[in-house]
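Take a look at the structures listed below.
Each of the next two complexes has subunit A plus one other chain: subunit B in the first, subunit C in the second.
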Partner chain A sequence: MHHSKLLARLALATALTGVAGTASAVEISFFRFFGDCQTDYGTVMKAAEANGECGIITALANQFNAENTIGAKVVTQTVDWGAYYDQLTATYSTGNIPDVAVMHSSVLPNFSDRDLLVPLADGFAKVGIDTADFVPAALKNATTNDTLYALPYDLHALLFHVNVDLMAQAGFVNEDGSIKLPTSPEELISMGKEFKEKTGKFYIATESQSSEGMMVRLWESFMWQQGVDVLSADGKEASIATPEGEKAAALIKAIYDEGLANTALDYPGAEQAFLNGEAGILINGTWGVDNYDSQAKSGKAVLKNYAVANVPGIFGAPKVWADSHMWVMPKDEGRTPEETEAALAFIKFLNDNNFQWARTGHLSVRQSVIASPEFAALPHRSDFAATAENATALPVVQNQRGIFSAMTTDLNAMWLTGTEPADALAAMQESVDQILRRNR
Partner chain B sequence: MSGGGSPGRRAPGTAFLFLAPFFAIYAVFLVYPLFKGFWISLHDWELAGGYREYIGFLNYQDLWTDKLFWRTIRNTLLFVAMTVPTMTLLALMLALAVHGTGRLKAILRSVFFMSSVFSVTVVTLVWSMVLSADQGLLVPLWNALGIKPVNFLAHPLLAMPSIALATLWWGVGLPMALFLAALGQVPQELYEAAELDHASRWSVLRRITLPSIRHTLLLVVVLQIIGQFQIFGQAQLMTQGGPANRTRTLVQYIYDTGFRDWQVGYASAMAMALFLLMFGFSMLQLWLGRKGDDA
Partner chain C sequence: MSTARRTGSARTTDIILLGLTVAFAILWMIPVVWVVTMSLKPNVELMRSTAGFIPWPFTIDNYFNLVKLATVPRWLMHSFIVAVSMTALVLIVSSLAGYAFARLDFPFKRTLFLIMIAGLMVPEQAVFIPLFTMFADWGMHNTHAALVAPRVAVPIGVFLMTQFFRAVPRELEEAAELDHASYFTIFWRIMLPLSVPALTTLGLFTFIFAWNDFLWPLVSATKAEMFTVTVGLASIQGNFAFSEGLGSVMASAVFASLPIVILFLIFQRFIVAGVAMGAGK
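Now for the complex of A and B:
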């Protein structure tokens, strides 16, 4: 008797809290990388007060939770960058499918071609997201087979982050204060040597191990600069082992062979070397601008005088590698209309605050934001304005993660194991061909 | 009540009843997945999206001509060859050293076992920090010697031994504990008799200790073979398979194929190859062990 009474009470309590729970908040499960910074930004309620990718997206979620009037609550699940897509894929098997997830435009076709994402055009119309405001390239990134599957959130590209003091020491600052950058492969090497002589530092710092493939992005940029498309638009063919590819690869190998860059740097190591004033140029993406800028201003870093430059047209037109972060709604049969509504409200909130995200250093994808005076007033923004036009992405082709990883392995072999450019490119071509064969 | 006869007359049903829980778990978690894995390997089977097409043995044909697959097999075998004998020898030496009574030995036993409790992420992080040529623990040493810091994890010849080193440090505790348990069971009289005969320490080890623990030795070697063939975390986290695929292991390739590229059918075919490899080597080891028993 005693037991059954207790059980009945428990059941009643559970039922009550259950009802109360659904009445008070619709949970939006939010799946992303960008890191976890709850300790620094867990209580920051205004995105405008946050810095860096992680800080700003954390504060945006906090702000939405505090301000929304529909009783929705974003529950964030942060996944390590390297494992993100594997984990997202796994949710389709485990059933814990998130309501809103971040996705690169380069990865989108893998999901959209298998009908794993919710088409968003109708939802956007309902909550009032104006798709005509997106820059055309961004809208194209978010669309496959004429269906809109994502909210484009940024365009991110490779940049040259510059230590102005070291450049001045080497004599590479023009009279108008702009940075003198190489305009040809020969000049890059000769300037690098001169820089090394005058400063005793590395001309370039960048991730050079086997994890991020930063030099693959530079190599791809050099290919587009020579007018070669690395992958054909239909995703069937790759142009890697070509004379142009060899020129680009030979330059990258020479950077290391001449001792202009440290082969031992991993991603955090490269950032640290730059902030410690040990390198003139850091080759990394737009995502670092806000971070390096605030570190330089804080006075804590050795780097005091920070500037940004577009990746120069070393082989011709200054094309540069780019990708795009977007928000998607993974397809989930179990999602209720209320949850869908709440998720769309959150996506609209993110879109309304696109300017906050652009503060990271990423290029905005909303024409109204780009045209706004506060966007123009962001630090260093005019330094790399041209990157928006130079930005070039691989075509919308499946299995780009495998392709990128294979290219990274074989390209990095040039400075890690001493492979010759021609052999490295032949290996890249073979690996990529094998992957493309799988693309249906 | 009729069941209580002599042991020989007990109904066989009772025995099966007692075995049933084990068989059920064995069937659900081992036998079924094994056959399901084989079934999947006969398909073009995608992880997400539900695309499935029966293609017979095409995946196995692809494997045969897949250079990266053979490379990962070679890397994995190399890693096994580096770790299994050294791990066994090191564990045995440590066990012999810390076996017996005494406060210091007890403390050292815990110390040597301690590293085994860390997760692979912690172990690889620690070793990456030690071996890094950028800010690593050894960099001051290289600088003091006036040589360029060695980039262990990106060196074509040193990357794999570096991973093996971290693995040895991480994994030596368990085989050591197994050896310790076995050493504790060697009859003390044998040692006393040897002492009376003035046997040297070497012959005591060779004639008494090793023969007495040979079953444990066999167990350790087989467990190590099975364990080290499945190397994944260390390579994934310390080198990402680099430089130039020098440390890409079979399980890593299976993981990339299955989870990154969603080709579960092809990944399963590789997993079958791994199973056969491990099965073959374990059987060989057991057979060699048994041969010694007959002699």
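Now for the complex of A and C:
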């Protein structure tokens, strides 16, 4: 009898301890893409020891869980990249709204305009995130209607990835070792022809078949280089079927018509062509840098001598397409003050470790990180540091993904079905106008 | 002499047909073999080249990484629960409704049948948002019931069973009717045993559909612990999985397809019969 009472008391004490333990750990849900690599990085507690987008973000969450002193625990949920925004939207109805979520700046207005995100300026001030340290373009992308909704985390922009050996064979390497790149539309075509003649390879490889729209990003860059905003700042007007638009589109069509790029390549195909030494320049984003660098260094790829260059100013100022990954707090009426505090602490931790994320190949959005010696020491970063200044994004308007998708279909028609630039642009203008009318 | 010539000619035709069948079978198998080959190669290798049918350099890491994930067995369990329940419910609803449409007389039967058939013409996407909102209002998302319920009323299943029951000779039921057997007894004792081939076919197609379903589970099961295997395996892929993690993607494809392949091997004669039945109608 005495024993059973003692056991009951012990059981009660254990249960109470358990409850107390649970109550002190504030769990916050963390919704993101970038994949699941628990198998490789589940036990890595220092972000500095991880590599790649998935590895670094996994280790950052682990590190926060191990080091934070407020008893917060981040529980990660990964979602397929392609379906990410559908599932994030669905959580507002299914009831498991995440506390912190990743978001592209191009998608931000779709959520902020519907009042689905928590404004963060006050929270940032409270936890000590210095917004003045952000690159202006990134801060602008995180803000809609004068309200700050996100922590900008990177700038990812188009780059020219270069096979230096092929460039040297074509005579396009300067004495100082820098790569000679075209500075006008005419030069791009003439250099491309010369390259093809001397090397027998394609001058350019890029995704030309699927929905990645790499050439739309280049076309937009060419528009900004000519001083034309594809979308007006208020997001109500599109300037597509314009003389500048036609010049840019005509150049892109000429690249294919002159056989300087292979129309048959999809995204992986373009990467394979570049790694196998079949093209001089790969037009792709910042996210590829570390991968191509390690492939070149592995000695197993035909590409041996890899370099990176900013997209040159073919039409003027070297403006280039860019987007940003950001962290947001989706609105949730059921979130407790403790959960909000833990979520803000995690966002602050991510911001403090922005340099680790810059190791993925993306550009940092913190001026202090860009100016740091650690950043300059990362492979190739100094070669494309100017991209942070040249980076240009569409204004923060709704349905940018829909606009991008419509533009991709119509622009791709130039080399896939032989549509003339003027017709392609007219179709693009019509599709985009239709979407913009819906936004009003 | 002429018989011998005919035999020779028939044999030539057989050989040509066999040759064509083999050629088509190989053609159809090429993508499958390619997928398996890529699943057995390292991701870094595949980033350089996806060509070739020999898995060299060889690795089983892509499969190991899947098996080591603690959540995978749970996702498999959810898929299994959903597929089995959906199959059972579709069979019950379709056979009962099919029998009623084929044999019973009730008011507005023809109109109801037409409305049911009209359901074949409504694409899933057209009702997707109302369906999602409805289940959200009921607070049912992230449950097995939400994954199964919208798929239970299947017009094609009811149509298939109706057509099957209509083809059963009336005489078989008349004897039971003379013994004053109820409609349900006739259905249960006579019609259902006769419809095993049709039910097996419908059941297999439903199971395969349920196992492969992606869009509805994607938005209804938003908690990782409620994912089905299709949504779960997609969630672990990195952003540029088709270039940087192709081997892992292919291993996921093989892994998720295995239960269906096994099911197909066991029940293939029913599937073939089902396709033939569908074509016959």
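What we mean here is this: the second predicted complex is superposed on the first by the 412 of 440 C-alpha atoms of A that agree within 3 Å, B and C clash if a C-alpha of one lies under 4 Å from a C-alpha of the other, contacts with A are read in each partner's own complex, and residues count from 1 in each chain.
By our rule, a residue touches a chain if its C-beta (ideal position, glycine included) is under 8 Å from a C-beta of that chain, and two chains touch if they have at least 3 such contacts.
If you're wondering where the values come from, they're calculated on a predicted model, not measured in any experiment.
Peer 1: One more residue to check, A:Asp86. First (subunit B), second (subunit C), both or neither?
Peer 2: Both subunit B and subunit C are touched by A:Asp86.
Peer 1: So in the superposed three-chain picture, is A:Gln272 touching just subunit B, just subunit C, both, or none of them (first/second/both/neither)?
Peer 2: both
Peer 1: Using the superposition on chain A described above, determine whether A:Cys54 touches subunit B (first), subunit C (second), both, or neither.
Peer 2: A:Cys54 sits against subunit C, while subunit B stays out of touch.
Peer 1: Contact-wise, after the overlay, does A:Asn291 reach subunit B, subunit C, both or neither (first, second, both, neither)?
Peer 2: In the superposition, A:Asn291 touches subunit C alone.
Peer 1: For A:Pro243, decide between first (touching subunit B), second (touching subunit C), both and neither.
Peer 2: neither
Peer 1: Give one of first, second, both or neither to describe whether A:Gly177 is in contact with subunit B, with subunit C, with both, or with none.
Peer 2: Once the two structures are laid over each other on A, A:Gly177 reaches no partner at all.
Peer 1: Touch check for A:Thr94: first (subunit B), second (subunit C), both, or neither?
Peer 2: So A:Thr94 only meets subunit C here.
Peer 1: Looking at A:Phe33, would you say it contacts subunit B, subunit C, both, or neither? Reply first, second, both or neither.
Peer 2: Only subunit C; A:Phe33 stays clear of subunit B.
Peer 1: Taking the superposition on A as described, I'd like to know which of subunit B and subunit C A:Gly299 touches: first, second, both or neither.
Peer 2: neither
Peer 1: Could you tell me which stretches of subunit A are touched by subunit B in one complex and by subunit C in the other?
Peer 2: Subunit A residues touching both partners: 86, 90, 93, 272.
Peer 1: Would you pull the subunit B residues touching subunit A in the complex into a rising list?
Peer 2: Interface residues on subunit B, with respect to subunit A: 46-51, 66-68, 132-135, 149, 151, 153-156, 239-246, 248, 256, 259-263.
Peer 1: Help me check something: in the complex, which residues belonging to subunit A touch subunit C?
Peer 2: Those residues of subunit A that touch subunit C are 33-40, 52-54, 77-83, 86-87, 90-91, 93-96, 267-268, 271-272, 275-276, 287, 291, 295, 298, 300-301.
Peer 1: Please name which positions on subunit A make contact with subunit B in the complex.
Peer 2: These residues of subunit A touch subunit B: 85-86, 89-90, 92-93, 110-111, 114-116, 208-211, 262-266, 269, 272-273, 399, 401-402, 405, 409-410, 412-413, 416-419, 430-431, 434-435, 438.
Peer 1: Which residues of subunit C touch subunit A in the complex?
Peer 2: 44-45, 47-50, 64-65, 68-70, 132-133, 136, 139, 141-142, 218-220, 222-224, 231, 234-246
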